[in-house]
Amino acid sequence: MSAVLVVEGLTVDYVTGAEPVRACDDVSFELRRGEILGVAGESGSGKSTLITALTRLQRPPAVTTAGRIEFHGTDLVALGPDDLRKLRWTSLAIVLQSAMDALNPVMRVGAQFVDVLRAHDKTLSRKDAWTRAAELLGMVGISADRVRSYPHELSGGMRQRASIALALACGPELVVMDEPTTAVDVVMQRQILAQVLRLRRELGFAVVFVTHDLSLLLELADRIAIMYGGRIVEIGTAESLYGKPRHPYTRGLRDSFPPLRSPLRKLNGIPGSPPDLRNPPPGCPFHPRCADRFDGCDEQRPELLTIEDHAVACRLYPSGEDQS
Amino acid sequence: MSQPVLEARGVSKLFPAGRSTVRAVEDATLALQPGRIVALVGESGSGKTTLARLLARFYPPTSGEIRLHGEVVKGKPRAYYSDVQLIFQDPFGSLNPLHRVRYNLERAVKLHHPKADVDQRVAELLERVSLTPVEQFIDKFPHELSGGQRQRVVIARALAVEPKVLLGDEPISMLDVSIRLEMLNLLDRLRTEDGLALLYITHDIASARYLCDDIVVMYAGRMIEGGPKEDVIADPLHPYTQLLIDSSPDPERSDRPDLFDAEDLGEPPSLIDPPAGCRFHPRCPLAMDVCRTEAPPRTELPGGRWTHCWLQEKR
Amino acid sequence: MIMLRSWKVRIGLSILGFFILLAVLGPLIGGDPRANDISSISQPPSAHHLFGTTQFGQDVLAQTIAGARGSMLVGILAAAIGTLIAILVGVPAGYFGGAVDNGLNFLTNLFLVMPVLPLILIVAGYVQGTGPFVIALIIGLFGWSGGARTLRAQSLSLSSRDFVLAMRMVGEPHRRLIFFEILPHLTGWISAMFLHGMIGGVMAEAGLAFLGITDSGSISWGTMIQAAQQQSAVLRGLWWWFVPPGLCIALIGTAATLVNFGVDEVSNPKLRQARRSVIVRTRKVVSA
């Protein structure tokens, strides 16, 4: 299948102080049609920076200093603001963590759909646009009589679903979701995920789903990229990442979620703190917290190498061979 | 079972909101025993934080009573606070950004042990929460510490008081995933070493299972089910508990038939005008006529389990 | 001092510093403001009298310098009194809430709706011998209510912050909670309030002097303008008599506004984000 999105060597710096801070370092991945790519990372992993760079919503002091973001063969990094605007909504849509607060509080929910729909399809009549708005809200389980509600009349979970529907209004091929379920409760989270999965099946869009919650991605995503210290340290299918994580960080992260059903054993998480990007450790960014580090981990920075269905950046797997 | 240290009996809290009232907590009953951890699980708006703040005496209950060592608490809370301490959710908010670690701990030690060797005790406290080497942390400001380190300082400050009860209001939910378990292990160690009674409030049922002995589930201001954790999770009695467990992320999930339609799970009711009868009945696929009119009583079941559900009452 | 990063703060503080210095060192450099030079009456600026002379042959420069002392003294004193009362009323009201709040808030609202200027006029007219200290006291006593309201609101929100609750649970007494946990967070507000009070004091003093309330024997920018007005300096074109004191008052106002804007920009990240230097630097990286 063809790739919708190809990211190559994406590097983002923040140029606030005297020394630029590298928040995203040489990130590369591919996204196929209709695929859900999960990006998991903690604070300082660079995942939020990656999102703003991908969607070109980045603002100073963040600067993309290297790399390409190829969306259907067009390099987004080189694109001007006008071309970007044409691309947004119709091909590339975004759902943010606080999307529920992004709805205009003084406009009826339906009217905001109508605005978006008619801005991208000038031939659409006002009446048809309202009908379409009701359909879109129906896709996320919001009944048609809510079209004329104001955002404050909807619950947080409903607003979040409405903003997902709004993102899908113009039939994008790629939806970037930044922690879309972090601000809602577990039950609503389950409902949103079920709806996203069904809509993906029906409409065939691809998703980049960014979150700190790896356990969620294991159920949702086709493939998962683990970020640490601004880089992807491991990327592979959800099954292989859960069943056979290679990178010590991935393993530690997986074992940071206590099981819901299987027998309990003592778990330790990962000792130490996530790295400070202003003052990154030399060599592998994970080495200060790594139980498996050995001579040289504090000097050499491991490259992302492919092993079978899976790529990992760790010196335990020097030539891309599986050791374990 | 030993005598509970801290108890809530039939506690309710209503907040006035204009002309109406918010029924934040109704008829909550809870007992904390030394050396045991109770997890209070619920979604936002279930009343779990209000209950924690009632137990921390930030405001008085509208009705019902709170008992410490079997005696009803009243009057000024100063003496109460040498037995009960609360750990806040946000480690960034619960330390004054203008004070060093040392100041926070020294104040707590001086207030409770005026004759002690302050420096030595402060060092001991930092060691107990594994902030070692002590010199590396003692003179830091909060903004120089990571979230996990801050939460350790907060716990150390609470321990300086030598409390009998620790209330943790989602103490790990704002920390990075990889350091949460260390924090839970620390709480578990304190329970074992000091025989602390611990209330662990969370929305994450998996972490509750990891840490606690007993689980209590709240929904829309009411307690709906409680009992030993493995029993409650393996065989929930109340349909809402079932929903909560089914909704939690679980990579080992098997494809079993769900009681609920995952695309339409509904939402908790407004606490200003909650539904009559069982508060879960509008979302409950098993609701009966009686559920719509009468609130279910507490049904005690063998093995220390209980629930508020007409289904169990009928059995 | 992060605040000094803003050029507005730097300029504003320099102007204020200049006038405070002038007030302190005035007597050493200014010459005698009361000396009457009968040989030059109502003379425009010249080499001998840089700012010209008044109708009474007094040197305007010497008077302006001496006036700085009078005006600044009243301003600072009034600000100190007003700020102190605002703290004593506003912080406990916000912190304790309940009955304390009701009482103190009532007092604040009372002073807030009082017609301050007429009251000052009456009190100042009633009190005998209205020297700078009395004037400062009156201005301070009547000008604290706005500040108290701000501090009350701030203390109210601070006192329910987790770190205050946590220290209260540890057993900190109210006194320490107020002075060690809450008050340090209000320093920004308090210093802004003090600056405002100072400007307000300088202006109020000028206004009162202009209306002839103050002791005409004391010298301030206000009394200078009043004297000029009484001698119809405007009609007679003696601009050098009233422009210097007026300009000084305007400069103090400008300085305070600059400091306020600057502090706002530094402390409000939303305004800071668009700082020109950052954007320029970003552009450089992009084009490189």
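Letters A, B and C mark the chains as written, and numbering starts fresh at 1 in each.
The criterion applied here is as follows: contacts are C-beta pairs under 8 Å (C-beta built on N, C-alpha and C of every residue); 3 or more make two chains touch, one makes a residue touch a chain.
Heads up on the chains, UniProt names are A, B = Peptide/nickel transport system ATP-binding protein; C = Peptide/nickel transport system permease protein.
Model, not experiment: these values are computed from the prediction.
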item: Chain pair with more C-beta contacts, B-C versus A-B; value: A-B
item: Most widely separated chain from chain B, with each centre as the mean of CA atoms; value: C
item: Rounded Å distance between chain B and chain C, as computed from the means of their C-alpha atoms; value: 51
item: Chain centre separation (chain A, chain B; CA means) in Å; value: 31
item: Residue ranges of chain C in contact with chain B within the complex; value: 161-172, 176, 180-181, 184-185
item: Chain B residues touching chain A - in the complex, by the definition given at the top; value: 43-44, 146-149, 176-182, 185, 203-207, 209-210, 233-234, 243-253, 262-265, 267
item: Residues of chain B defined as touching chain C within the complex; value: 56, 58, 78, 81-82, 85-86, 88, 90, 93-96, 98-99, 104, 107-108, 111-112, 154, 157-158, 160-161
item: Residues on chain A engaged by chain B in the complex (per definition of touch); value: 42-43, 141, 155, 157-158, 185-191, 194-195, 198, 212-216, 218-219, 242, 252-253, 256-262, 264, 266-274
